[in-house]
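Structures follow.
Next come two complexes, and both contain chain A; in the first it sits with chain B, in the second with chain C.
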Partner chain A sequence: MVNLPTWTALAPTLLLALTAIILLVVDSVDPDTSNNELLAGIAGIGSLAAAATSAWLITGGTGLPGESGALITFFGDQLVADQMYLFFSFLIASVLALVVVASYDYMREHRYQAEYYSLVLLAATGMSLLAGANSLAVAFVSLELASLPSYALVAILKRNRGSVEAALKYFLVGALSSGVFAYGISLIYGATGSLQFNDVAQGLSGGPPAALLGVGVMMVAGGVAFKTASSPFHFWAPEAYEGAPAPVSAFLSSASKAAGFVLAFRVFVTAFPLDVVSTTVDWVIVFQVLAIVTMFVGNFAAATQEKVKRMLAYSSVGHAGYVLIGLAALTGGSSDTFVLGSGMSHLLVYGFMNTGAFLFIALAEYWDIGRTFEDYNGLATEAPLACGAMTVLLFSLAGLPIGGGFFSKFYLLMATVNTGTWLLGAALIINSALSLFYYSRIVKAMWIEEPAASLEIDSYPVGLYTAVIVAAIVTVLLVPGFDAVSSTAESAAALL
Partner chain B sequence: MAGAFDFAPAIALLPFVSFLVALFAGQYLPKRGALAGIAATAGSFLLSAWVAITVAGGETYNEALYTFTAGLDAFELHLGLLIDPLTALMLLIVTLISLLVHVFSLGYMNDEGETGLPRYYAGLGLFTASMLAFVYSDNILMAFMFFELVGLCSYLLIGFHFREKAPPSAAKKAFLVTRFGDYFFLIGVVAIFVTFAGATRTPGAFAGEGSFPVLAEHALADGATEGLNTLGFEPDTWFTILGLLVLGGVMGKSAQFPLHTWLPDAMEGPTPVSALIHAATMVAAGVYLVARMYGFYALSPTALAIVALIGGFTALFAATMGVVKQELKQVLAYSTISQYGYMMLALGSGGYIAAVFHLTTHAVFKALLFLGAGSVIIAMHHEENMWEMGGLKDKMPVTYWSFLSGSLALAGIVPFAGFWSKDEVLFEALIHGFGSEGGLGTAFLLAYAMGLLAVFFTGFYTFRMVFLTFHGEPRTETARKPHGVRWNVKGPLAVLGVLAAIVGFINMAPVRQLTGAHIDFLHTWLNGPEEGGWPAELSTGLHHYEEVLHDFGLVSASYPLGGETGTLLVSAALSLGLALAGVLAARSLYAVPEPVEHTDELGSIKTLLMHNYYQDEYQVWLATGVTYPIARAADKFDQGVVDGVVNGISSVSLFTGSRVRRIQTGVVSNYAAFITIALVVLLVVFGVAGGWF
Partner chain C sequence: MIPTQYYLLLSAAIFCIGVFGVLTRRNALIFLMSVELILNAANINLVAFSFQHGNLSGQVFSLFTMGIAAAEVAVGLGIVLVLYRNFSDVDITEATTMRW
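What follows is the complex of A and B.
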C-alpha cells in the first residue's frame, strides 16, 4: 500500500469542506440555479466520498498509533486524526448522505437550493472537525461552525412561520449555551493555563483553585449538554426539530447530536481525567444525573405527544440519555473502554435508525398527509414498503431484536451491569419499555387502523424512498454487523 | 454405493409425503388419499425390511443429519438417526401394522361412505411418519419432539368424528392426560441436557460415546463426574430422578396407572385408528422409549422397582376392569392397558428381551383383534355392544378364525404368540425376584404375583368376548343378517391371523432350554456379537444391559425350583394353567346358547369395576375441585395485582408525561430561565459537595 502523506488522514473533513466550496462556486456562477440534480448530485457525491474515505481509513488502520507510538496530529496537537475521529466522521457523512438523497425530493420545489446544500455541508464539516478537535479553542470554533449553519437550516423555509420561529428559539438558546461554554473554557484556561486537552490534564496536577476548575468543568458540561440536547439544555430540541424541514431535523437529531457527544467523550476523558478531578468535581455523578433526567424527560414527554414528529423529537432527547450512559458509567475500572464503546456504538446505530425515521416523516410531509398519529391511519395500505421500513426502524429504536438497536441497547445495559451502576440500567429498561409503547402507536396507526377516506398518495418519490429503505436495511444489517461496529468503537475508546 | 442407511430417512418421509398428498390433493384422488398412504407405507415397509437385513449383517447407524444449533464450547441440538437391531425391529412392526391398517381402512372407511377421508388419511400418514421418526431418533430431544407429534396426531384422529359429542371430548381427554405426563418428560429432557452438557457435545444422545446412558454409567462406575451437574444430589439419586421424570411421559403415552384413563375413551376414534394407536404407535411409544434408553434405567434399582410395580399393578388392575365391559372395543382397550403393564413389568424386572418380545407379539395380535373388531362392527352396522351380537361364527368365518387366533395369543395359550412372550415376562420377573437382594426382590415378586393373577383375568375376559360375540345364538336381528365384508378387510385379518399364531416362534426360550437348539432368534438379534461389533460401539446390546443390571441395578437371578429348567417349566405351567382356567371359566359361563349377564353376582364389586375404580371421578375432582380453584385464584391475582400494577404504572407514566410536557411552554425566555436556574442549581449542589467555596 502506498504511503499517503499524513494530511490525508483529515480527508473526510477536507472532502466535506471542498464539496461545500464547490457548491458555493456553482451558486456564484449561476445564482438562480434550480438545477436540483446537479446540486444534490455534488452534495451526495461529496458526502458519500467522505463516508467511504472514513471507512477506508479505519479499515486501513490510519487512526491507530503509528510505529513511533504516536497518533497523527496537526498544528501542535490541536487536531487529532484517531479512530474516534474517523468513526464519527463516517457516522456524520453517512447521515449526511441519507439526508442529501432525501432532500433531492423534499427540497425540489423550494428556493435557495444551493444555499441549502452548502449549509448542510458546512455544518457537517464543522461536526467532523469537532470530532477531531483536541483543544478547547478548536472545539469552540468547530462547534460554532456546526451550529451557525444549523440555525439557518432550521429557518430555510423562510415563509413558514413555524420554521422561522423554531430557528429563532434555537438560536437564542444556542447563544446562551455558547456563552456558557465559552465562559467555561476561559475558566479552564485560567485554572490550568492551557487549552490543549492533554496540557489541560497536565495543568491539573498543579492544584488549581477548586472553585475555578469546578465551575469551568460544569460550564463545559453545559455546552456539551446543549449540543447533545440533554436535559436541562434540551428545550430547543423539540421546537427546532418540529419546526425545521424534516430532513434538517433528521440531520440535527442524528449527526449534530453525535458531534456533541464526541466532544464530550474527548474533553472529559482526556482533559479532565477522573482520578485527578474527582475530588473537586465528580463529573461522572453529573452525567449520571443528566442521563437519568434526560431519559425520563425525553421518554415521558414523548409518550403523551399527539404529533408524530414531536414525539420523535422527544424520543431523540431520550436517546441522548441512553448515550450519556457511556459517560455516566465510567467508574475507572477495566470496563471503561467497553462503556465508552457502547455509547459510541449506540450513536452509530441510532444515527441510521433515527435518520430513517425522520426521513419517513419527511416523506409524510412530502405527501402532505398531516402531522398527528391519526393522520397516519392506514398508511400501510397505500405505501406498504415505506411503512415496513418505518416499522423496522421504530422497533429497532425501541430496542427489539429486529435491528441493531437491540444490540446497542443491550451493550449499554451490559455496561451498567459490568460497572454496577444499577440505577442507570433500571432507567434504561423502564424507559425502553415505555418507548415501545409510543413507537408502537405509529405502527398500530399505519398497519391496523382503518385509513381515512381522504387518504390518497399520488407519487412515490425515489430519493426519499431510497433514503428511508437504505436506512432500514442498514439498521437490519447492523444486527450481524454489530460486532464489527462495537469492536471498532471499543478500540477507538481505548485510544483516549 | 448407497446402502440401506442412506435411504433410511425416507422411511419416515414417505408417510409424511402421503400426509401432504392426502391433505392437499386428497379430494381429487380416486380413493381420497388411501392409495397414496398404502403406497407410502408399503415403501416404508420394504425399506425397513432392507434396513433390517443390513442390520442383520452386523451394521448399525448412529449419525447426526441436521444440526439446528451448535454452541462453540457447548452442546449441540440436532436431528439424527440411530439404527440398531431394536430400531430395525420396531420400524418393521410399525410399517407393517400401518400398511395393514391403511388397507383395512379402505373397507372400514371408504366402503362405509365416510366423509372427510382426505383428513383421515392425512392424519394416518402424519401419525405413521411421526412414530417412525420417533423410533429412530438418535437423541432424546428429537424423540420428545416426535413423541409430541404422535400425541397431536392421536388427538386429531380420535376426534375424527368431531361433529358428534363424544369423540371431541375423548380426543381432548387423551391430549390432556398424556400432556400431563409429558410435562414431566419435558422437564426430564431439559434436566438431562443440564446434567450432561458439561461433559459432552451431545448430552441427549441415546447411544455411543458421549451419550447420556454411557456417561451416567461412567459416573457411577469410575466416579467420572467431571462436567456433570447433578444439582447437588448424589449421582445415583439424581439419575433415578431423571429416569422417573422421563417415566412420566411414558406412563401417559403407554397408559399406565394412574394415567391410563384416556385410553378407553379413545375408542371413540375410528376402529383402524384404535388398532394403530394400540398396536404400533401412540401406546407403544412409551414402552419403546424405556427400551431405547434402557441402559439408563438399568443403572437405578429404585427406578427399576417402580417401573416393575407400576407395570404389574396396571396389568392386574386393567384386567379386572376388562371383565365387566359390555362393548367389544372397551374390552380390548382394557386389555391393551393390561398388556403394556406386562411390558413395563418386564422392563422393570430386568427382562429387556421379554419386554421387546411382548411388544412385538402384542403389536401383531392387538392389531389383529382391533381389525377383527372393526370387521364385526362393519357387519353389525356399527353396533358395538357384545350383548347384541352372538352366533357370528358361521357368518363370517375369516373374521372368526383370525380373531380366535388373536384371542388365543392374547390369553397366552400355547403355541400362540402371546404365550411365549408373556411366559418370558413372568419368568424373568420370577427369577429376578428371587435372585435380587432386599426390597428390590420383594418388589419384583409382588409385581410378579400381580402379573400372574392377571393372566387368569386375561384368559377370562378374552374368551368371554369371543363367546359372546361369535358363539351361541344370534341375539338380535342385525346379528342374524350381518353385513358382508370385502377382501380389504379379510386380507389384513388373514395376514395378522397367521402372524399371531407363529410370531412367537422367534424366541422360544423354553424350547431352547429344553432342547439346547439355538432357536431364540430375538435374543441373538438383540444381543449382537459377543466381542466388538455394534454393541461395543453403541452400548445398546443386551449383554451390556445385563452387566449394567447386575452391577448397578443390583438385579440378579436365582432359580428356586429345581434349577433353571425346573423353574422355567414350573413358571410356564403356572401361567398356562391360569390362562386355561380363565378360558374354561369363561366357557362355562358364556359358551351356552343363551348366555346371561353374571356380573350381578359380583355384588358391590360390579359397581366398582363398572366405574373403573372411580379413576375418572377422582381425576375430574382433581381438575374441578383442586386445579380450577387454584387457577381461579391465580387469575384473580393476575387480573387484580399484576394487571393492576401494570395499569397503574401506565397511568402514572402518562400522567407524568403530560406534566413533563408542560415544561415546554413554547416561550423562549422561559427556556433561558430554566437553563440558567438548572445550571446554577447544579453548580451550587456540586460546589457544596466538592468543597469549592
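What follows is the complex of A and C.
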C-alpha cells in the first residue's frame, strides 16, 4: 500500500472535527436556513467518511507497530493512533451516521438544526479523541469535549420540561464526576510525577506513596464509571436517556459509553499495570464488584419499568455491567488479550443493536403513539417492517443467536471461564435470562396484543426507517462477521 | 519552603467543602460554585506537585483545567437558564417530572 504521512492516522477525528466546523460555517453564512437536506447531508457524509476511513486504515494495518516496532504517536506520546483508536473511531462514527440519518426526520421541525448537527459531531470528535488519548491530560480534555456538547444536546428541546430536567440531572452528575476525575488525576500526578500513561506506569515501580495512589486510582475509576453509566454512578442515565430526544439517547447510550470504556481499558491496562499496583490498590476486585452490581441493578430495574424508553435506558446500564467483565476478568496472565477483546467486541455489537433499538423509540416518538408498553400494542399491524427490525434488535440484545449479540455475550462468558471468574459468568447468565423477559414484553406488545382503536400511523419517515433497518441488518450480518470483529479487537487489545 | 503536605491538606479541605456543597445545597448556582471549588482543589494539587517533582506538566495541565472549568460553567449556566424558564425556579429538587 502507499505510504501515507503519519498525521493521516488521525484522519477519523480530523474528519469529524472538520465536518462540525463546516456545519458551523454553513450556519453562519445563512443563519436562517432550515435546509434540512443540506445540513443532514453534510453531517451524514462526514460521519460515513470517518467510519470508512477508520475501517480502511485498520485493514491497511495503520494501527500496528511500524517497521521500527513503534506505534504512531503524536505530540510526544500524548496521542496514540493504534488499532484500538481506529476500532473505537469506527464504532463511534458508525453510531453517529445512524443517528444523523434518523435525525433527518426527527429534528426536521427544529429551529436550530445546524447547531444540533455540529454539537453531535463535536461530541463524536471528543469521543474519538478519547479513544486515542495516551495521557491523563488529553484524556481529561477530550472527556470534556465529549461531555459538554452532550449536556447541550440533551437539553436541545428547550421548551420540553423532560428534556431540560434530563439535561440538568446529566449535568449535575457529570460536573461532579469530572471534578472528582480531575482531583484523581492530580493525586496520580503527585504520586508518579507524570501524566503520560507509560510514564505513570514507570513512576509506579519506584514505590510511590500508597495512599495518594490508591485514592487517585479510585477517583479515576469513579470518573470512568460515570461516563460508562456503571453503578454507583448510573443514576443520571435513566433520566437523561428518557428525557433526551431519542436520537440523542441512542448516541449517548452507545457511543458515549464506548468512549468511556476505551478510556477505562487504556488507563487501567497501560497506566496501572496489574502486576505493579495490585499490592497497593487491586482495581480488578473493584471492577468485579462494579460489574456484578451494575448487571443486577440495570437488569432488575429494567424488568420493573412501565415505559419502553426507560426500560432500554436501564438495559443499557446492564450492558455496561457485561462490558465491565472485560476489565474485571483480567488476571495478568495470557488470557488477558481475549478478555479485553471480548469486551471490545461486545461494545461494537452493542453499539449497533442498542442504537437501532433507541432509534425505533425515536420512530415511535415521531408517530406520537405514547411511551408505555401498552401504547405499543399491535404496532406490527401498522408497521410490520420496523417492528420486525426491532424484534431482531431486541432478541440480539437479549443474546439470542439471531444477531451478533449472541456471540459477543458468548465470548464474554468464555472469558470468565478461561480466567476462572465463575461469579461473573453466573451473573452474566442470570441477567441475560432476565433480560429476555423484559425485551420479550415489547415483542409481545408489538406482535401479539390487539391494537388500541386509536392506533393509526399516517407517515413512514424514510430516514428513521433506514436507520432502524440498517442497524438490524448490520446486527444480523455480525453473526457471520463476528470472527473479523473479534480478531481485530484481540489484536488491538494485544497492543496495549 | 512550605512542605507539600500543607498544600495537600488545603486542597483536600477545599475538595471536601465542594463535595459538601454539591450534596447539600439545592440552588443550582451554588452547585456550580461548589464544582468550581472541586476543580480548583485539583489545580492546587497539580501546581504543588509540579513544584515538588520539578517538572511543568502539572502547571500546564492546571491551565487546561481552568479553561475547561470555564467552558463547563458556560454550558451549566445555559442549562440553569432553561431550567428557570421551564420550572420558574433554580432549585434542583423542583425538576421531578420523571421518577423511577
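Heads up, the rule we're going with is that the second predicted complex is superposed on the first by the 496 of 496 C-alpha atoms of A that agree within 3 Å, B and C clash if a C-alpha of one lies under 4 Å from a C-alpha of the other, contacts with A are read in each partner's own complex, and residues count from 1 in each chain.
Quick note on the criterion: contacts are C-beta pairs under 8 Å (C-beta built on N, C-alpha and C of every residue); 3 or more make two chains touch, one makes a residue touch a chain.
Because the structure is a prediction, the values reported are computed rather than measured.
Have a look at where A:Ser432 lands relative to chain B and chain C in the superposition and call it first, second, both or neither.
neither
Does chain B (first) or chain C (second) touch A:Ala137, or do both, or does neither?
second
For A:Ala301, is the partner it touches chain B (first), chain C (second), both, or none of the two (neither)?
In the superposed model, A:Ala301 contacts both chain B and chain C.
So, A:Ile185: does it touch chain B (first), chain C (second), both, or neither?
second
Give one of first, second, both or neither to describe whether A:Arg159 is in contact with chain B, with chain C, with both, or with none.
In the superposition, A:Arg159 touches chain C alone.
Per the contact definition in the header, classify A:Glu242: touching chain B only (first), chain C only (second), both, or neither.
second
Mind working out whether A:Phe233 is in touch with chain B, chain C, both or neither, as first, second, both or neither?
first
If we overlay the two complexes on their shared chain A, which of chain B and chain C does A:Leu148 touch? Say first, second, both or neither.
second
First (chain B), second (chain C), both or neither: which does A:Thr355 touch?
Touch status of A:Thr355: no partner.
Indicate the residue numbers of chain A shared between its chain B interface and its chain C interface, in ascending order.
Residues 168-169, 172, 176, 180, 238-239, 301, 305 of chain A touch both chain B and chain C.
Which stretch or stretches of chain A touch chain B in the complex?
Where chain A meets chain B, its residues are 168-169, 172-173, 176-177, 180, 210-211, 214-215, 218-219, 222, 232-233, 235-236, 238-239, 279-282, 285-286, 289, 296-297, 300-305, 434, 437.
Would you pull the chain A residues touching chain C in the complex into a rising list?
Against chain C, chain A makes touches at 136-137, 140-141, 144, 148, 151-152, 155, 158-159, 161-162, 164-169, 171-172, 175-176, 178-180, 182-183, 185-187, 189-190, 193-195, 238-239, 242-243, 301, 305, 310.
Which residues, counting only chain C, touch chain A once they are in their complex?
Those in contact with chain A are residues 4, 8, 11, 15, 18-19, 22, 28, 31-32, 35, 38-39, 41-43, 45-46, 48-50, 52-53, 55, 57-58, 60-61, 64-65, 68, 71-72, 75-76, 78-80, 82-83, 85-87, 92, 95-98, 100.
Flag every residue of chain B that touches chain A in the complex, lowest number first.
Within the complex, chain B contacts chain A at residues 650, 653-654, 656-658, 660-661, 663-664, 666, 668, 671-672, 674-676, 678-679, 682-683, 686-687, 689-693.
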